[in-house]
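Look at the two complexes coming up: chain A is in both, with chain B in one and chain C in the other.
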Partner chain A sequence: MAFVVSAIVGLLLLAAVGVAASRIPFARGIVYGGTGALCTLLALWSVLSLAGGAGTEALALPLGLPWMTAHVRADALSAVFLLVVNLTGATASLFGWGYERAHHDARSGPVLPLYPLFIAGMNAVLIADDAFGFLVAWEFMSLASWLLVLSTHRDPDTPRAARIYLIMASFGTACLLLAFGLLAGAHGDYRFDAIRSHAPEGWAATLGVLLVLVGAGSKAGLVPLHVWLPLAHPAAPSHVSALMSGVMTKVAVYAITRVLFDLIGEPLWWWGGVMLVLGAVTAIMGVLYAMLQDDLKRLLAYSTVENIGVIVAALGMALVFKAAHVPVIAALAMSAALLHVINHSLFKSLLFYGSGAVLSAVHSRDLGRMGGLIHRMPVTAVFVLVGAAAISALPPLNGFVGEWLLFQAILNGPALPQWSLKILIAVIGAALALAAALAAACFVRMYGTAFLGRPRGREAEEAREVNAAMRLGMAVPAVLCVLLGVLPTPLLRLFEPATRLMVDAGPFDDRAYQPWFWLAPTSAIGNSYNGLVMALVIGVLSMVLVVAIHRWASAKVRRSIPWGCGYDGLDPLAVTQYTASSFGQPIRRAFGSTVFRARDHVDMPQPGDTRPARFHVTWTDPAWHAIFTPLVRLVARLADLVNRLQFLTIRRYLMLMFFALVVLLVMVAVTQR
Partner chain B sequence: MTLLTSVFLQIVQMLVVLALAPGLTGFVRWVKARLLARRGPSILQPYRDILRLLKKEAVLAHNASWLFRTTPYIMFTAIWLAAGLIPTFSTQLALAPTADLIALIALLGSARFFLALAGMDVGTSFGGIGSSREMMIAALAEPAMLMVVFSVAILVRSTSLAEIADFMMSGAVGLRISLALALISLVMVAIAENARIPVDNPATHLELTMVHEAMVLEYSGRHLALIEGASMLKLLLYAALIGCVFAPWGMAGPGADSAAVIRGLATFVLKLGVAGVLLAVFETSIAKMRVFRVGEFLGGALLLSLLGAIFLYVSRGV
Partner chain C sequence: MHDLGYDAAHLLGAVVLLMSFALLYQRRLFALLHVFTAQALALSAAAAWQGYIQHAPHLYVTALLTLGLKAIVMPVALHRIVVKLNIHRTIEPALSVGLTMLAGVSLVTLSILLVMPVTESASALTREDLALSLSVVLLGLLMMITRRNAVSQVVGFMSIENGLILAAVGVAGMPLIVEMSIAFSVMVAFIVFGIFLFHIRERFDTLDMQKIESFRGESH
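== the complex of A and B ==
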């Protein structure tokens, strides 16, 4: 425990180095190297702590308010999330070091001092053991990431993104503040231990839970509170985007888990139902949004929204099973949620690194300017392919294991007592399956337009492979994606203390014997999956196939020009090539025309007219359209009303004061009587 | 049944599906031709086609990447493995506990993922059309199929194919509305996934109507042979899957002797024959629909299967 605290202090010192970066030689190396090293150590610490059964360690630091020391505490749940944060923190430092060298913009704002601060803030949230410390750390994390977003303030889109992020972050923190106030109850003790022992009941508990879902959900990106996320995440430098998307959203998931599974005590079943609905809607909307994007990083940010939806749905499942006292299935859903937390942090950071690599080579985030990068950036292309396949839940990679576990939990839906939940879970199952299938389509579109095909611009044509640090930064999560897909059971074993802490059972509780290479979680439905054997069989079969083909088939290859649809050879400007928006058209038509009012506008010149035909797609975001725009209008109108007070005569100001005084005196008189 | 027998049966299974797949496709084509009052090519024609393609040189576009060249292998392996997982003549397969129905669907998803990527690799418009339409169809077909799996799995309390087949064979199920809904939905998915009429036409090369054929337009030689082989395997896979779940009779169960295995093989060939005739009759009696109607067709499949699953979720107690 003392180690975690000192590591956080170390990160703060590194931030100080970053502040004085211009005067210290090799400051960038020191900051990124130091942050990477500290993150690696913290990740190792959490693995060791989990492997050792993850006892709870608490510490009271003489910090903060005079009458209240800062309490910190690390249990199994904190350790799991510390692992997730610092694993990505380590790879992000490695990648970021290379990225800043390759893609340095002299006019950008400072990144070096804020980067370790951001990671320190996230770590501090995970070990906070009182509401005060939690909120301070939470704001620390939010503001550091907000400033990191502002580091690209020269981009025309950034100021708006940062403004909306700031508003949503303050809103989220305000909700959490109120929620902790409700949870602490009348005696006002803000230590988590006290909340745990005097958990509120009735409407206070329900209101507190809903406020946490809104407050932390806005940080995690639950629809309809996601609006800031796809604006702010892509605006930051790519390694910071990876941290914001892959990790900061997970800190919000941690907050939800901590309150709903730990602090609040016995849950009500319908809280889980709310989470299931929110999660499923978020998953489907997130992936449909992603399908409409032409901006590579924004697409990835929307895909984060989708994955957060899946995680929240899994947590909701764990909650309804916990409320129904079916702890083994609850543990299964909880394991699925935790596994998806780490899986998503791996492949999403990998994909954001990939987008950073592409950005530094092509100098654009627009899919319409990429193409054919598999030839010019072969190493990056392989790693991004692994990430895209993993996020599309293809076996034998890690994304599939999480999905498999989640579906196994869904299949146990009939074990629930509530009829409405049984029906709901079947529908949620269909929604999550739909989201997974759409995610595959979305990433075929992303990879197909960015890396395959022909270059759509001079910069894509002249792209170069990125430097070794960036490649290594992508290699680590890519290898882990494969490893966790093939051997998920040791990791689930590692996370078992956390599920035990949250739902009082482990996912393997009703199996006497569980070999380390086999995944067969519950006997309630006797299923099993073995990624290792599957990978081996796939390997053997493809070897047989390759040998057979090379033995018996013609090995001749001739290179030629493909059919260019009437052009002589391939058209030189690659205009006949499918673009990202043409690839998305069938799905846009099938799903988007009602939800997003997506319309294709074709401007076709008359025969004989030589101007080019134009095509563009318009769509509206229902969250903006239905909620935020009216809200903004309301706020503006209220502000206008209040604004009138600024232009009164002195007579009226005096009258106003007089009336205020009278009202106050009346109130005092009434209350004192 | 020892491990050795199950490994042996698994290898036999892998070879049987490989050997029968072109035969099934040839049979369907032959029956269709007869229904249209043509003589039609021999049932063995697909075997000859594949051998001919294997002998030919492969023509690649100048800018085709390694992904384009490896995709046929990846796709064939994934579908071959998936076909090998389905109990066809015996439920005692060595790989049965490795992967269940959900993994099987995901394996088919992998094959589709890579084929769709390969369609975009050269950068021609046909490949893009095919890939984007294929992914749209898959986006609806895959959840529908998963819902069918859910229905069956809740009934059997397992997603393992071997256990499903054993359970269905035991006759403990009886007739159920939800199973009927699941069957209809699975057939609709199978038609869409195998690019059959009315979703796609396997015999056309007309640009506005084709999906699967557009995606593989750039392939030739041994690569095309692998892709054609994989498509034939996929047709067999769906026929075997429907047979295994909804008509598992005649399969060799646990502890069966070699006579039962041979009987199982014979019934399997018979089932494939019936499936082939039904498919051919269906295809000749219906017209192809517009691509954008496919969404409604598959949305219907999804809703049917969801309805079936909901019936079961509600009706099965703890």
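== the complex of A and C ==
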């Protein structure tokens, strides 16, 4: 415990080095190297702590207001999330070091001092053990990431993204503040221990839970509170985007888990139902949004929304089973959620690194300017392929294992007593399957447009492979994606203390013997998954396919200049190949025309007119359209009303005071009865 | 049962409250000042009587202070200001007299309803006294908001102070320092308002708040 605290202090010191970066030689190396080393140590600490059974360690620090001490505490749940944060923190430091060398923009704002602060803030949230410390660390994390977003303030889109992010972050923190107020109740003790022992009941508990879902959900990106996320995440430098998307959203998931499974005590089943619905809607909407994007990083950010939806749905499953006292299946769903947390942090950071690599090579985030990068950047292309396959939940990669576990829990839905939940879970299962399929389509589109085909611009033609640090930064999560997909059982064993803490059961409780290479968590259905066999089968089949193609098909290939389709001087294949928008058109037509009001516009010139025909797509975000635009209008109107208070007469001010006094006195008189 | 001390204290407190009501419906400035003087006299008598029944000699000092400042110095000074500045002598109330009276009666009801249950442990005299003085304070506030004239707002403010002093003398064992500070605060307020009035007069040639407000650029 003391080690975690001192590591956080170390990160703060590194931030101080970052402040004086211009006067210290090799400051970038010191900051990124130091942050990476500290993150690695913290990740190792959490692995060791989990492997050793993850006892609970608490510490009181003489910090904060004079009559208070800050309480910190690390239990198994904290350790799992510390592992997630610091694993990605380590690879992001490695990648960021290379990225800043390759892609340094002298006009951008400072990143060095804020980067360690951001990681320190996230770590502090995970070990906070009272509501004050939690909120301070939470706000610290939000503000540090906000400043990191602002580091690209020269981009025309960044100021708006940062403003919306700041508003949403403040809103989220305000909700959490109220939630903790409700949870602590009248006795006013904000230590988590005290909340745990006097958990509120009735409407206070429900309201507190809903506020936590809204507050932390706005940070995680639950629809319809996701609007800031696809603006702010892509605006930051790529390694910071990876941290925000892959890790900061997980800190929000931690907040939800901590409150709903730990602090609140015995949950009500319908809270889980709310989470299931929110999660499923978020998953589908997120992936549909992603399908519409032409901006590589924004696509990845929307895909984060989708994955958060999956995680929240898994947590909802765990909650309904916990409330129904079926701990074994609750443990299954909880494991699925935790596994998906670490999986998503791995492949989303990997994909963001990949987008950073592409950005530093092509100098654009627009898919329409990429293409054929697999020839120019073969190493990056392989890593991004691994990430894209993993996020599409293809076996034998880690994404598949998480979704598989979640579906095992969903298939156990009939074990619940409530009929409404039995039916709801079937629907949720279908929705999540749809989201998974759409995610696969979305990443085929992303990978195919960016890396396959022909270059769509001069930059793509002249792209160069990125430097070794960036390649290594991508290699680590890619290898882990494969490893966790092939051998998930040791990791689930590692996370078992956390599930035991949250739902009072482990995923393997009803299995006496569980070999390390075989994943068969519950005997309720009897399904099992073996990553090794899967990897072997896929490997052999691929070999056979490759050999067959080279033996029989490639032998007949001859190279020649194709017919130019009437294009003069242009590569016809580059011009007529599928674009990102044309690839997405079927799905856009099927889903987007109602949900997003997506419309294709073709501007066809008259015969004889020599200008080219134009095609463009318009769509609207229903969350903006239905919620935020009216809300903004309402706030503006209220602000106008309040503004009138500035220009009242003295007598009116006195009148306001008088009526306030009378109303308060009446309240006292009434409550005295 | 027939406790003369209690009855007399009650009577004097009620007179102070009655004068507050009288302040509410005055339409002329001089009449307003006369009623205010009467209220101050009643307050002074109440303080003296409290000093007698509580055997607290320092309350006589309070009574004298009230008598001197509130009943003599301030009315005379305000009288002189009104004459010197040639202020329009009639007052335009913002709310009609009937409505103001109704509001006043409801405020008195409210303060009795409020004070009686809260102070069950205190003696009957203290409770009555607190209810009366809270009414006086609320009526003073009501007067401040229902009048447009600056001088009547000053008078309303000072009647609030009267209510406070009534509360202070009614509670046994209140040290003198409190009354002194209240008296001084009223004094300060009086000076501030006096200077304020002169300055307004010099600048705008009127003391009618409605006319003064129209001088502010952004107002309507």
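Remarks
Just so it is clear, the second predicted complex is superposed on the first by the 611 of 673 C-alpha atoms of A that agree within 3 Å, B and C clash if a C-alpha of one lies under 4 Å from a C-alpha of the other, contacts with A are read in each partner's own complex, and residues count from 1 in each chain.
Following the convention adopted for this analysis, a contact is a pair of C-beta atoms (placed from the backbone, for glycine too) under 8 Å apart; a residue touches a chain by one contact, two chains touch by 3 or more.
Small disclaimer: the values here were computed from a predicted structure and weren't measured.
Residue contacts after overlaying the shared chain place A:394 against chain B, while chain C stays out of touching range. Shared-chain residue A:662: touches chain C; no touch with chain B. Note on chain A: of its two partners chain C and chain B, the one contacting more of its residues is B. In the superposition on chain A, A:468 makes contact with neither chain B nor chain C. Within the superposed three-chain model, A:672 lies in touch with chain C and out of touch with chain B [touch as defined at top].
In the superposed model, A:573 makes contact with neither chain B nor chain C. By the touch criterion defined above, A:645 reaches neither chain B nor chain C. Chain A residues in contact with chain B (one complex) as well as with chain C (other complex) do not exist. For chain B in complex with chain A, the residues that touch the partner chain are 14, 54-63, 65-67, 73-74, 76-78, 80-81, 95, 97-100, 102-103, 106-107, 109-110, 112-113, 116-117, 119-129, 131-133, 135-136, 138-143, 146-147, 150, 153-154, 157-160, 163, 217-218, 221-222, 225-226, 291-292, 295, 302, 306, 309-310, 312-314, 316-318. Interface residues of chain A facing chain B in the complex, by the touch rule stated above, are 371-372, 374-375, 385, 389, 392-395, 400, 403-404, 407-408, 410-411, 413-415, 419, 422-423, 425-427, 429-430, 433-434, 436-438, 440-441, 444-445, 447-449, 452-454, 520, 524-530, 533-534, 537-538, 541-542, 545-546, 549, 552-554, 556-565, 570, 574, 576-578, 582-587, 589-590.
Residues 94, 107, 110-111, 113-114, 117-118, 138, 141-142, 144-145, 148, 209-210, 213, 216, 218-220 of chain C are the ones that touch chain A when the two sit in their complex. The touching residues of chain A, when paired with chain C in their complex, are 647, 649-651, 654-655, 657-658, 661-662, 665-666, 668-669, 672-673.
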